[in-house]
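Which chain is which? They are A, B and C, in the order written, and residues in each are numbered from 1.
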Amino acid sequence: MKDIFVLMEHRRGELRDVSLEMLCGAAQLGGNVVAVLLGKGVDSFAEKAAGYADKVLYVDDPMFENYNSEAYQKALSALIKENQPGLVLIGNTAQGVDLAPALAVELGAPLVTDIIALEMEGEKPKPTRQFYGGKLNAHMSLKDADMYILTVREATFQVGDPSKSGEIVKVENPVKEEITYRKFVEYVEPEVGEVDITQSTMLVGVGRGIREDKNLPIVEELAKALGADLAASRAVVDAGWLPPDRQVGISGKTVKPKLYLAVGISGAFQHVTGMKGSELIVAINKDPDAPIFSIADYGIVDDLFKVVPKLTEKIKELKGA
Amino acid sequence: MIRAFFLGLSSQVREGGGWISGRGEESMNMIVCVKRVPDTAESEVHIDASGRDIDKSRLSFGINECDNYAVEEAIQIKEKLGGKVTVISLGGKENDEVIRMALAKGGDDAIRLDDPAFAGSDGFAVAKALAAAIKDLEYDIVFTGALADDDGYAVVPVALAELLGVPHATYVKDLEILEDGKKARVGRELEGGLMEYLEIELPCVLGIQTGINEPRYASFKGIKQAAKKEIVVKSAADLGLDPSEVGEAGSWAVLEKFSVPEVGEMAEILEGDPEETAAKLAQILKEKGLI
Amino acid sequence: MSTEEISFIEKYDLLGCIQCGRCTGGCPVSMRTNLNVRRFMYDTQNEERLEELSERPEIWDCTTCYTCAARCPKGLEPLEVLIGLRSLQIEEGRVQPTVRDALESIFKDGNPWGSPRAKRLDWIGDLDVKVLEPEAEETTDVLLFVCCTDAYDPRVMKVAQSLVKVFQAAGVDFGIIGEDESCCGSEVRRLGEEGLFEMCDEENVELLNSFNVNRVVTISPHCYNTLKKEYHGLRHPVLHYTELVAQLLEDGKLTLSKEINKVVTYHDPCFLGKQNSIYDEPRYIITRIPGVEFREFDRCRERSLCCEGGGGKMWVESESKAERLAEIRVTDAKDMGAEVIAVACPFCLLTLEDATKVRGIEEEMRVADILELLAEAL
């Protein structure tokens, strides 16, 4: 079987989890696993990757100090042309999505994004992805080609213990010219409000089900009774009902409180990924098919407007007692 | 009907920058690609008899959420700097509703790409059709939504840029046009809400993320007025596209079938009326030492 | 500068205004906001100022209760001038996101609450309710126009459910439109979205006319007012439920056997009372419930204090942080010893109930629709 390229993703001194996850996933498919690492002075990442890959192609160059999709594309394109892998795995992240389709078009390699499961039929991947915010799984059939590209959703594969000792091959930067038409400028941290929900012991997460910000007091009462802080799904933040620093999910915070009480949250992947590590997850949602119930420990399938005030009442009673 | 917005355009000198915006001169030519999608956020989704589509008979349709923000972004730039906004959509006559809404908000003209050959297109095939329509137009920025509410592919903006041979950025949550409209400062939203700022040369393609602005309302009258504007319809042949390049034939991958996600270990569902379930839950929380 | 061929002066007969101030003098909202409708009657005569005037936030504070028009000695309608200014903002697309969302939702799903049309009948639950067929052979006596708020709001659903029980107990032959029922557009027009209102008018009249019924009965006074007075070409007579239920009681078709031993007061909804002179029927019904001790508000009937639910206010954030009229109302109810405020409008129900919570008196002061009390007394 042909080699499998796995693009390492890193940012500000951290190797992102999806990188090792993909290496572990690739190892199950047959074929050599080749980690591709582009960076400046990220030797430690190369060593880490080597524990999970058969080979590490490492380009150490100031051009890759910060992510630039154009530079990555050129480098990857050159490395791919030289090494002819059969499959390229890239994380389905803000970085990966900014890169993969352009690479796929350039190389004429079929691409499927955001895969959550993968089987192989010989050299050809049979990926599964999701439609309609996670409500349906879609089994995809790729066109025949010599090489395929897939972007992989975080946490699709599990990271085991390092079991390989891949050779780290330092490669000269194949990109000879500076990229001028797209330049990295800086990172800007999100604003920090009065509450850092990543430090909260208990969180009440509010979702679209709340309908209007006029209804927030119902949930605020519950949070107060519990002694919890309010967190929010993206929809609630986009609507301006709660500030961005309360957002839990892919573009928000990852939280691991003792209790995450999801109110009116459907449980779309983008949100769940930010709170599934919570110790106890409870969901209140009118929709019995809401994905949130598959990651919650306890659930109430009922109207939040009926349940939440009652719950607040009961909690106050028990606390008073 | 549209009044005050053009008053500010006649002469406006930036402090320390030195660009003067005037109608016709440093104005921005923009294209916005819009998609019509079913509203499935609140609705139940049922696989239809074919197993390869959903039952859309009881769903309502509207503009893809990210695209709505893209339209607003383009219109706001037009209001600030002058210029033109062209709306493009791939689909049948039913897409006209979405196109007209964008025109009502301030779009100037529209193109609809309509051909049975486009059926079953994935992001790549859509991007090819869009590229064919756009490549001969003059533009400074092509806006698309970062991803679609229905398929979530997130492919179109980046594939389109590659096909057009221009730089791109996607998951854009902040945008500022710089200098003489030759460059833009773009903020991309990364995981955790971290913003990655970059400078990109125009012309370019930008995939817009929700939350970048507050979309305006398009009045019913405005939409009806916009109905007077002609929507140019182009077929695959008009675009010089062979049927093998588009639709399922031109896609990277084809949907074989849908299935309902397996529910992992389901939550323990508490039964009863709100009084009872609330009491049960409160008791559980107490037993776990949380209250 | 105007957006239509008719100028503001012509459209609203502004030159007839004598600036007497009776409008502002009776305007309930002027107690708590900057809104001075008398000034607007004068200022809008200057076409060049229309744009600037339409940007004033206080034009969104008007609840369209109609007090100003009712009091005007020249028969003018100052509230319509404010609606006219709102429509200028609507044309520019410059409305609060909540207003935008409500209007878009009405256009897309036939209700202002962002809920899918497919869920419009969820309120029925286990109840047995007939869904009418258009162009049916036999005549059904009553077409019940449910209302978006009764259909979708979890609290107000109980009112619709109560109505079904009451109608069934009285043997009323009624049916509903079903999923195709769409927003009457009352608030749409009052928010200034003339174009969308025209669509509501046209489509709903065509739909309603397609049913073989004797009359249309509404639960909400807003639906009642719009269907009866603002639609064009509706061929059925329109009643508010209080008119029908009062008749049923009078005819002995409804037996109330359980007691409700409470002190009950009644809050006249602006759209039922002030605007349509229906004052007696609701009182007749309430006083027929066994055990009820009925007390009147000092500000009752024509002087009823607007709850601020109308005029699109359900979707508008007011700039003023002053005490809401609904809070004054529930406090007045408490002060006069009432235990229940009976209402006949879904917006009054929501705003007054909300006010009891803000005031922290929700335990002692119940807000209920007359239908809920009736259902409990069956």
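Convention: a contact is a pair of C-beta atoms (placed from the backbone, for glycine too) under 8 Å apart; a residue touches a chain by one contact, two chains touch by 3 or more.
Since this is a predicted model, take the numbers as computed values, not measurements.
If touching chains are joined by edges, the resulting network of the protein chains shown connects every chain directly with every other. Between the chain pairs A-C and A-B, more C-beta pairs are in contact across A-B. Distance from each chain's C-alpha mean to the overall C-alpha mean is smallest for B. Between subunit B and subunit C, the centres computed from C-alpha atoms are 37 Å apart.
Centre-to-centre spacing of subunit A and subunit C amounts to 47 Å, using the average Cα coordinate of each chain.
Note on chain placement: the centre of subunit A and the centre of subunit B lie 21 Å apart, centres being C-alpha means. Under the contact definition stated at the top, the residues of subunit C that touch 2 or more other chains are 97, 114.
Residue positions of subunit B touching 2 or more other chains: 42, 44, 214. Residue positions 240, 303, 306 of subunit A are each in touch with at least two other chains. The part of subunit C that touches subunit B in the complex is made up of residues 1, 3, 51, 90-95, 97, 99-100, 103-104, 107-109, 114-119, 193-196, 198-199. Put simply, subunit A touches subunit C in their complex at residues 211-213, 217, 239-240, 303, 305-306.
Looking at the complex, you find that subunit B touches subunit C at residues 1-4, 39, 42-44, 58-62, 105, 214-224.
Residues 11, 67-70, 93-95, 97-102, 104-106, 110-114, 127, 129-143, 180-190, 202, 208, 226-227, 234, 237-238, 240, 244-245, 247, 250-254, 258-259, 266, 280-283, 287, 289, 291, 293-303, 306-307, 310-311, 313-315, 317-319 of subunit A touch subunit B in their complex.
Contact residues of subunit B toward subunit A in the complex are 40-42, 44-45, 47, 54, 123-124, 127, 146-147, 149-159, 161-163, 167-171, 185, 187-201, 210-211, 214, 251-261, 263-270, 274-275, 277-279, 281-286, 288, 290-291.
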